[in-house]
Amino acid sequence: MNSPGPTAEQVQLEVYRKVVTIRFAELRIREHVEKEGFGGFWHPGIGQEGLQVGAVSAMQPDDYLYYAHRGLGYAFAKGMELEPLFGDLLGRRTGSTGGKGGGTVHFADASRHVMGQGGTLGSSFVMGAGTAAASQLLGDGRVTVVFFGDGASGRGTWHEAALQASVWKLPVVWICENNGWALSARFTEQSPTEHVADRAPAYGIPGVVVDGQDAMAVREVTLEAIERARRGEGPTLIEAKTLRIRGHYEGDRQPYRDDPVLGDEIPNDPVHRLGEGIADDVRRGIDAEARALVDRAFDAALAAPRADDSVIFEDVWA
Amino acid sequence: MSAAAATTDRVIGYSRAINEALAEEMRRDERVWMMGQDIGRLGGVFGLTRGLLDEFGPMRVRDTAINETFIVGGAAGAALAGTIPVVELQFADFLFTAADEIFHKLAKWRYMHGGQFTMPVVVRLPTGVVGGAGAEHSQSLETIAMHVAGLKVAVPATPSDAKGLLKAAIRDPDPVLFFEHKGLYRVKGPVPESDEHVVPFGSARIARPGSDLTVVATGLMVDRALAAAEQLAPQGIDVEVIDPRTLVPLDIDTIVSSVERTHRLMVVHEASRTAGFGAEIAAQVHERAFFALDAPVWRVCGTDTPLPQDPDLEQACIPSTDEIVTAALALAAI
Amino acid sequence: MAHVLMPRLGVSVTEGTVSSWLKQVGDPVEVGEPICEVATDKVDTEIESTVAGVLAEQLYAVDEVVQVGEPLATVTTADESSAPAPAEPAPAGPAPVEPEQPPSIVPDPASFGDDPEPPPAPAVADAAHAVLMPRLGVSVTEGTVSSWLKQVGDPVEVGEPICEVATDKVDTEIESTVAGVLAEQRYAEGEVVQVGEPLAVVTADGALPAAPPAAAPAGSRSAAAVPTRPAPAPAGPTVPGQPARVDPSRFDHHAAVQRALETIVRTARPAASPAARHLAATLGVDLASVGGTGGGGHVTRDDVRRHAEQPAPAAAAPMPPRGPAPVPASTPSPEPGTTGPDGLPVGYEDVPYDAVPTSRIRRVTAEHMSRSRRTAAHMTTEVDVDLGLLTEVRARLNTQRVAQGRAKLSFLPFVARAACAALLDHPDLNATFETERLLRWGEVNLGIAVDTPRGLMVPVLRGAERMTVESLGEGIADLAGRLRDGKPGPDDFRAGTFTISNPGSVGAVSAPAIINQPQVAILGMPTIQRRPWVVTMADGQESIAIRPILRLALTFDHRAVDGADATRCLVDIRRRLEAWGVDEYR
């Protein structure tokens, strides 16, 4: 508390560095999937990195993170190294789950409070609320941040969690990444209200809509929500408007999609917006460093041994 | 207090034993807390948590809304953050309303995430027929819990085991589904007066030694099996009754060694016959002790029907002492 | 390809042992031509082929046991051997059609009413299974259907009786060899069916497969020929070949026990619990030789233990391996240390011995005798018969017979004749005792215990009370001859009502015997001895003379008959033998 916090410029540089690193990681993974195939499904998060990094940058190291299934931005921003993340994707022993979590990943880092992910969407609503309840009981001052998509906002678990968390004033922040598509379902066809955040008043909590392509704006609203939670005033629902650039998974030909398929054109690209205020040579330096970091980590993950059958029987019971 | 005094048995009820276990463990470890519907001010619909709100306060004995996914899913999240939640679903049947949380989050979180987390959650599940509670409030679903790896399953049949197993469950790093039989809540029995009365999981209890026929029974069926054994004794059939106490882990060794002595096995359970745990025990005994058998392994079980709400019809759907006797005589005749 | 099945060789015969093969693989065989010899506990007989063609496979080696109804051999029919056909449609002509195929686990496509595609023809052919008229005895070629026990649409299990058939020798129930639903009764009640002909057709769903038209190419079948009637709703449990249905009914423990025990009959294998099997293997006991006292007659651990404890080291010794056995089974074991835990009686370990495997007849006899001893209350009464007069009668008769070129009669037919006559006056001794009732048999079917090289056999002379002493003599000689030649039929051994044992032929001077169940009495005939005998002279004075004396012994079941009644019968036999007149009993 006494040490002066980082300056706004320092924060923006750090957010940029992380966003651009994740961008390179996204591209490297896509290249690999296209060339080598993949033993599962990779749900790309390209174009959504800004809001993920911006929001997580508002968290303290001890705060708890429940990420969503689109990309690696949240975990990398929370401090996880790239190599274990790639290792999970590629089924390597060096993955954070020891090789079990290939495909739609269940990466986790207990030491950094990256809490993992359930395969059934919407389960993090109740789990995150429960984690916040533990913080409330223990008085540890930690806040739990839960990411989810507009699709998962349809789950009943949202209702059960939001109701109880609001009543108990639990320190939890829910961040909806609304990219407009739940696999093939258009958000506008599955929601009676314009925004997911419109549902917040029913639970007596604030609902905030923010431009998800503006990483720093997301950071600001998240900071506010986290502080509110830490003060014991209860949860906040943030809705970050973003876009789904690729298919539901890499390789999805998206025959259902009637809006322009975006390819690599990313409207309002968070990388560009973050880079605007940064000097070209500094930015190029960061870019080169980020690309090298991704390549090194990916190559190391590829070189790591695959998990063998013994993994199957590990960690079923404690 | 001397060691002898610390283990003096008193006679108390099954409900009281559970209440004591909860209170003792919450006193022992501040991380232990509870949530569920009507457990605070009311003390639980079956009165199991009476007095705990007063002693431990509203932060550790929390009433929830009707939201089983939160009760169980929230417990999962709270366990990941270093607490030990002991939650109550008002009826074991409601595990279906929290099925994703039980079978996916509790059972698999540790596994999916490479063993980085433990999941010390106890879900208390009032189970079985209790008299007119109907098809959705009376089931015995322990087999379903056995089928999904990652969970542990306790089925206490006596006040002593209810207390000892619950204390073991709370101290266990794994998620435990704790099936308390509603029909046993008022049953009294000797319970050691000790804060350290912990019954380890995976140790079956020989409730009655015998030489002619092994009967494996759990929960309410243990008493009925014992009553049947008393009726069968004058007819020359000396029944050994084994209560496994936990189904995961299952103490199959005790069952097998009994069958090696008696050469005949019958499994009695209140749950429906088809694919009940009797089938699992029968299969394991055939795998491990085939050449000890004089007869097929027999099952005496609940009917393959939903449970009717009428209390008499309900009883007709689960094994009675008479049916156990009849089946034992049929088995002995082979 | 067709099978020659192990025929039913008697009402109570369930299996036989192949004693030799008369035809080898590659040999041509005709219908009715013997292909092998089979020994049962009742009879040794030749098995005739029911198919013409070339022997393709011997399915059992010599000394192997084959169950009744099982295929013994495979015969390739002439058509097949010249041009091996692929998937065959239902064979035409009289050759039996695969009666023993197990029911298909694939549901008959014809049972799916909404299937727009006609099912392929082979499936239909496979779904039909004929139950053939079995061979009910060596000389039986046909039978008359006396009643149907199963109607079209009824589910039937393997081994379940479907109809009753009467032959000139026996009335019997015909068991299904196929599980499914009865689709057709091929013969009406009262009609005559030849051995080997299909009696009934059983299919998975009870629907008759459409017979493929002779001219139609294989594999084509018009959709119109698919029977469209719905599958019958079976009353009982799941019908094999049909999809399983949910069954929420209450579990019936006693019915389940019955079903379990019925598998003992259905599978026709020596039934024993796993524990008993293990114990038998440990003790070297052949399960087939142990009489079962458990439910359904299955062998229990106690049965095995009792069997092993019988003081018969030979019986307890393991059977020698089947097939070529270069090492003689009778290797002596002179060293005490090498005997091992062979089940030798305690204390006999250092006694040299031969382990001689017991014959099937020996084992059956052992079981039969000990069962009789256990169940019947044996008691023996004896009388001395003065055969002086009969000796003269016999000598005169034999003189005539020799003059006619016929064989001499021994004393046995005379004793038999007197016994038959006496039994008509003492019917309680020609009977079967069943606690609740005594069955007095309306004819005397006389068993004669015969010492043969293979062991004790008791052929039966049917209706002996109607025979003269000469026809009795010839009947006995005929039976003995057939036993010697190994050609008796199964009917030669069944339905005896009274037995004569003749240990006198080998020198015994007294002859108590064990009753031949389910009879109640047996007459023992020792050797005739010339003895000093008090005789009454014509003048009424007593004197001592040398007389041929026969000490007849009547052993009877005291549960059925009292001693006085049995003795009265025996005295009656004596009276008839001592007062024999030339013209009597002819």
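Just so it is clear, A, B and C label the chains in written order, and each chain counts residues from 1 on its own.
Here is the rule we go by: contacts are C-beta pairs under 8 Å (C-beta built on N, C-alpha and C of every residue); 3 or more make two chains touch, one makes a residue touch a chain.
Everything quoted here is computed from the prediction, not taken from an experiment.
**Student:** Which of the chain pairs holds the record for C-beta pairs in contact?
**Tutor:** A-B
**Student:** Report the most central chain, judged by the distance from each chain's C-alpha mean to the global C-alpha mean.
**Tutor:** Smallest offset from the overall C-alpha mean is found for B.
**Student:** Could you tell me which chain lies farthest from chain C when each chain's centre is the average position of its Cα atoms?
**Tutor:** Computed centres place A farthest from chain C.
**Student:** From the mean C-alpha coordinate of chain A to that of chain B, what's the distance rounded to whole Å?
**Tutor:** Once rounded, the distance between the two centres reads 40 Å.
**Student:** What's the distance between the Cα centroids of chain B and chain C, rounded to whole Å?
**Tutor:** 57
**Student:** Hey, how far is the Cα centre of chain A from the one of chain C, in Å?
**Tutor:** Here the centre of chain C sits 82 Å away from the centre of chain A.
**Student:** Two or more other chains touching the same residue: where does that happen in chain A?
**Tutor:** Nothing qualifies.
**Student:** For chain B, jot down the residues that touch at least 2 other chains.
**Tutor:** Within chain B, no residue contacts more than one other chain.
**Student:** Which of the residues in chain B end up touching chain A in this complex?
**Tutor:** Its residues touching chain A are 31, 33, 35, 59-60, 62, 64-65, 67-70, 72-83, 85, 100-101, 104-105, 109-119, 149-150, 152, 172-174.
**Student:** So in the complex, which bits of chain C are touching chain B?
**Tutor:** My answer: residues 246-248, 250-251, 253-254, 256-257, 260-261, 273-278, 294-295, 298, 300-301.
**Student:** Once bound in the complex, which stretches of chain A touch chain B?
**Tutor:** 64, 95-101, 106-110, 115-116, 118-120, 123, 125-138, 142, 144, 156-157, 159-161, 163-164, 167-168, 314-318
**Student:** For a test of understanding, state which residues of chain B touch chain C in their complex under the given definition.
**Tutor:** Residues 263, 273, 290-296, 298-301, 303-305, 323, 326-327, 330-331, 333-334 of chain B touch chain C in their complex.
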